[in-house]
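Each of the next two complexes has subunit A plus one other chain: subunit B in the first, subunit C in the second.
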Partner chain A sequence: MAFVRVCSEDEVAPGEALRTESAAGPVALFNVDGEFFAIEDTCSHGQWSLSDGYLTGDQIECTLHMAKFCVRTGKACSLPATKAVKVFPVQRQGCDVLIDFEDGHFAA
Partner chain B sequence: MMKNIAIVGAGLSGASAARVLRDEGYDGRLWILGEETHRPYDRPSLSKSVLSGADEMPPELAEPTWYDDNQVELVSGTKVSAFDLRGRKLELASGWSIDVDGVLLATGARARRLDVPGSQLDGVHYLRTMDDSLAMRTSLKPGMSVVIVGGGLIGCEVASTARKLGAEVTILETADELLLRVMGPMVGAGCRGLLEAMGVRVLLGAKAASFLGTSRVEAVMTQANERVSADLVLVSIGAEPDVTLAAAAGLACERGIVVDGAGLTSVSGVFAAGDAAAWPLRGGGRRSFETYLNAQAQSATAARAMLGCVAREPQVPLSWTEIAGRRMQMIGDLAGPGTVVVRGDPSAGSHTVFRIDGDRVAAAVSVDAARDFVAARRLVEMAAMVSADALRDVNTDLRGLTRATRGA
Partner chain C sequence: MSVTKRNDAGAAPSVSLTDLFDEKSGTISPAIYADPQLYELELERVFSRSWLFIAHETHIPKAGDYLATYMAEDPVIAVRQKDGGVKVFLNQCRHRGMKICRTDGGNAKAFTCTYHGWAYDIGGNLVQVPLEQQSFACLDKKQWGARQARVDSYKGLIFATWNMDAPTLSDYLGDAKSYLDLILDRSEGGTEAIGGIVKWVIPCNWKFAAEQFCSDMYHGATSHMSPMMAASPDTLPGDPTDFSGRQFRASRGGHGTGFFVEGAEWLWRVGQAGEHVSGFDIAAAEQRTNLHRSGKRPVGFSQHMTVFPNFSIFAGANTARVWHPRGPGEIEVWAFGLVDKAASDAEKEQMRLMTLRTFSAAGTWEQDDGENWVEVQRVLRGHEARRTLFNAQMGAGAPRGEDPTFPETITNAFAEEAARGFYAHWQKLMTDVDGSFSKAGSYADAAE
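Entry: the complex of A and B
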C-alpha cells in the first residue's frame, strides 16, 4: 500500500482526465461525476493516450481508433480493443486524490 | 423471439454482431459462418503493420476461447452457397444446411477487379484479406518497383508501407488528386506532398491500360502510353459490396443489400450490416460505408434490432487512416457543398479541415490532431451551428463548443 498524492480534486473537473507518469508507466485519472478512477493510460490496442479521450459516463473512448474502456474496471467495451487495461486503487484524503501505483491490476 | 441466428460473414461486422447479441442476453443458438479459414481478425493492419512485417499476424477480434465461452459456433472456411428465404434455411457448400429464424448478412465487400490485358499475370495483387496481405509481404523486397493502381486509402497506405520498406513506389490515379472521395482536394494534395517527400512517385490523371510481362508482370502501360516498370502491382480501385448470396436469395440489392436504419432488409428476420449493406446516410440516400467504425455501429444496431430493440440509426461516415506516418481521422464527406475551413497550419503538420454547409458543421478531417477530432466529430454528429471564424481560431476550445452548442 503506497498511495501517492496526484492532484487536488478540483484540478480534474467532472468528465475530464489527468495523465500522470509513474514507475508503472503513464496512468490516467478520470473524474466521473465526482468519483475518481485510475487506469493505465495507454490503449491496449493502438498505443495511444486514453486520457486524451472522450469520457461518456464511465466509458472512455480512445481518440485514435475509438476503442472504449470502462474506467471503473479497465475492461475493453468496444473493438478494436479486446484486451483490458489495468486499474489502480484511488483514495481521497480531504481534497486530495491519491493513487496506489504499486497495485496496478486487472479487475476480476 | 429468435432461437437460431446465423451470421454470414466472419469479419468485423459478423464478430461485432455476435458479441452484441450475447452481451444483450440472446441465449439461443448462434453461428458465425466465415469463408476464410482464419478466426475473425482485424483488417486495418493488413495494409500497414502486417504488410511491413512489424506484426506477424493481424490482431484477432476476440480471444480464441471467447467463442466456446459464449456458445458461439464459429464455422470457418465455409461458403454459404444458398439462402432459402421462404424455408429459412442456409445451404453450405460443404453439404450442410442450417435452419434459422434470424440471419445477419455481413458478407463484406470485395476488391473491385481491373479487367485490362495482362491483369491475370503473376505479381498483380489485390488487398482485402490476411492471405492477400501475407502474399504481398512475401514478394515485397527493398529496391523493387511497386506500382499501385488507384490512389485511395488502401493505395496510399500501401504506398507508405512499401516505401518505408525501401521499394520504388509509383501511384497511378485516374482523378486529378489522391484520396479525393474520402478527404477532398486539400487534404488529398497534402497527403500527396507527404508521399512525394518520402520518395513516392505520383502520376495523376493516369489510367492503367495494360500490364506487360510473359508470366510475371514487368510493367504497367498507362493510357498515355507511358511504361512504368513494375515487379509488383497492387490494384486498389475500390470495393464492391458482396451481394452474391443476398441477390440470389431475392433480397433487394442496389450497390449493397438495401436495409433500413435498423439493418432490416426487404424480408423480415433478415438483416444486413457492414460493407455488404447499403445503409441510410444521415443526410439522405444510402450506401455501403466501407469503414470500420460504421460497420461496427451498424452491426450493433442490427443485432439489437434482431432482439426486438429497434432503433433506426442513419449514419455519418467515420473513419481513420495512417499515411506517410500521419494519423488522420475523418467524419462526413469533405467533398460536398458549402465552405471549407482550415484550423491550424497544414504546412506545420497538425491541423483539421472542416466543411460547413449552410451554417452547420457537415464534415471534418484531422491530420495528427486526434484531440481536436474528438470534438470535431461531435460537432459533425450534432450538425452543430458554429461560425467559420470560431472553427478557424485555434484558441477556440472545440470541446467547450461541443458542450455549449446544441444541434438541430
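Entry: the complex of A and C
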C-alpha cells in the first residue's frame, strides 16, 4: 500500500477529471458528485486519454469513438471497447486525494 | 495502372479519365461520384457493356410472368416465355417511345402501349398496330419489335446485357462464382426470393453502395455500433475487429466479397432483436460447395458481396439488391429477401424478419449505411471537396492466395483490396473507347 497525494479535492470539480502520470502509466482521477475514482487513463480501444472524455454519472465516454467505461469498476460499457481498464484505490486525507498506483487491478 | 486508351474527344469530362483511380498510390478522385459527364460516360461504357442483374428466377416462375425493372436508367421488361426461357427487352414502344408496360409486374398475355396502341407479345415482338391497313403503306412489323437484351442466368439469378460481344455470364462471373455459391448453393434446391421488392430512393452515387458491399468490412465497427449494442441489451457484445476473415478480389471483372471465418457467431444476434432464430443458417447447411468441402466456411452475419457493377448481396441478412443509378447523385435501391428453398416456412419467416430488421428500407443497419453515403454525396457538392483525393490504401500489398481454401483472397477481412479491384475494372471500362475490353476474347485474357 503506497498511497500518493495527487491533488486537493477542489482541484477536480464534480464531473471533471485529472490526468496524472505514474510508474503504472497515466491514470485518470474522476470526481463523481464528490466521490473520487481512479482508472487507467488510456482507452482500451483506441489508445486515447479517457480523462479528456465526457463524464456522465459514473461513466466516462471516450472522445474519439464514444467507448464508455464505468469509472468505479473500469469495465467497458459500450462498443467499440470490449476490454476493461484497471482501477486504482483512492483515499481522502483531509482535503487531499491520494491514489495507490501500485495496486492497479481489474475489478472482479 | 495500365490504361489502354485515352478519353475520346466526344465526351469531355472535367478531369482526365486516366487520373480517376490510381491503384499504385491507392487514391480515388471524388469526381467519379459527382461529375455529370462522367456519369453519362458510365451509362455507355460501364452499364451498357456489363452484365446487369434483372431478377431471381422465382420472381417470374410461370409463362407470362413479368417484372418491369431497369438496366441502369433503361426501363426493361423481363418475361418468362412459354418455352421456359426468359426474354428481357426495352420497355419502350418503337413508335414514339412510351413505356409499353406501366405496371411493376404480374402476368401478361401481351403488352399494349397506352399512347397509340401498338401491341407486343410476351416475347417483345410487335404483333398489332392500330390503323395499319388504312394508314401505313408498308410496315414490316418484324423490324419494329422491342429492343432485345442478351439474357443468361446463374443458379437462379437472371442477368442481361446490351453487349452482344460480352463473354458468357459464367465467364463474366469468373472466379467470383465460388463465392456466389456460398450463398446460392449452400443448401439443396438453392435459393428463392421471398416477399416483394422493397424500393427506395436515396441521394448518393451508386458506387458508394456497390463498393461498400464489394469490399468494406471496415466500417461495421464504427457505423453499425448502435444496432450491435441494441442487439445485446444485457451484455457487451464481442469485439468485431477481433474476427478472423478473408477478402476476395476477382482476378478480373471487378467483383468482390469479404467474410469472417472465425469468431463472428454472436453477430447472428444483431438481426434477431432478442428472438430465437432457428439453426438454419450457413453453418447448419449442407457443405455442398467446393469452398465448404474443407470444413471451412464463412460464419455468422457476415458475407458482403458485389457482382460488378451494381448487384449486391449480404448473406447473413438474406438480402439481395440492385443499386439502379439515377444520375450521379441518386440511386433507386431495389432489395428483396433471398432465402434457402429447403428451409421450412417458419425458418423463412424468421429470415424475412431478420432482413426487415437489418438491411431493408427501415432496417437499422441499412440506415447507418445510407446516412454515410448520402452525407458524403452532400459533401461533394463542394468544389474543393470534389478535387480532394480519397484514400483507398487499406491492405495494399497484402499477398493474395495464401489460403488455398479461399482462392484469390487476402487473409484479412479488413482491407480495400476488393475496392481497388472494383475501381480498376471500372476505370478499364471507362477508358475503353471502342468497347474492345468488354468483348469475350480480350476479357478472358486480361487479368486485373
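Simple rule for what comes next: the second predicted complex is superposed on the first by the 108 of 108 C-alpha atoms of A that agree within 3 Å, B and C clash if a C-alpha of one lies under 4 Å from a C-alpha of the other, contacts with A are read in each partner's own complex, and residues count from 1 in each chain.
To be clear about the criterion, a contact is a pair of C-beta atoms (placed from the backbone, for glycine too) under 8 Å apart; a residue touches a chain by one contact, two chains touch by 3 or more.
Being a predicted model, the structure only gives us computed values, none of them experimental.
In the three-chain model built by superposing on subunit A, subunit B clashes with subunit C.
Ranking subunit B and subunit C by residues of subunit A touched puts B first. In the superposition on chain A, A:Asp96 makes contact with neither subunit B nor subunit C.
Once the two complexes are laid over each other on the shared chain, residue contacts for A:Asp58 go to neither subunit B nor subunit C. Within the superposed three-chain model, A:Trp48 lies in touch with subunit B and out of touch with subunit C [touch as defined at top].
Contacts of A:Glu9 after superposition: neither subunit B nor subunit C is touched. By the touch criterion defined above, A:Ser78 lies against subunit B and subunit C together after alignment on the C-alpha atoms of chain A.
Stretch 331-339 is the one among 115-123, 133-141, 169-177 or 331-339 where subunit C clashes with subunit B after the superposition on chain A.
Once both structures are placed on chain A, subunit A residues 65-66, 78-80, 82 are touched by subunit B and, in the other complex, by subunit C.
Residues of subunit A that touch subunit C in their complex: 65-66, 76-80, 82-83.
By the touch criterion stated above, subunit C contacts subunit A in their complex at residues 221-222, 225, 228-229, 236-241. Note for the complex: subunit B touches subunit A at residues 12, 15-16, 19, 42, 44, 59-63, 292-293, 296, 318, 320, 327, 329, 370-371, 373-374, 378. Residues of subunit A that touch subunit B in their complex: 45, 48, 52-54, 61, 63-66, 78-80, 82.
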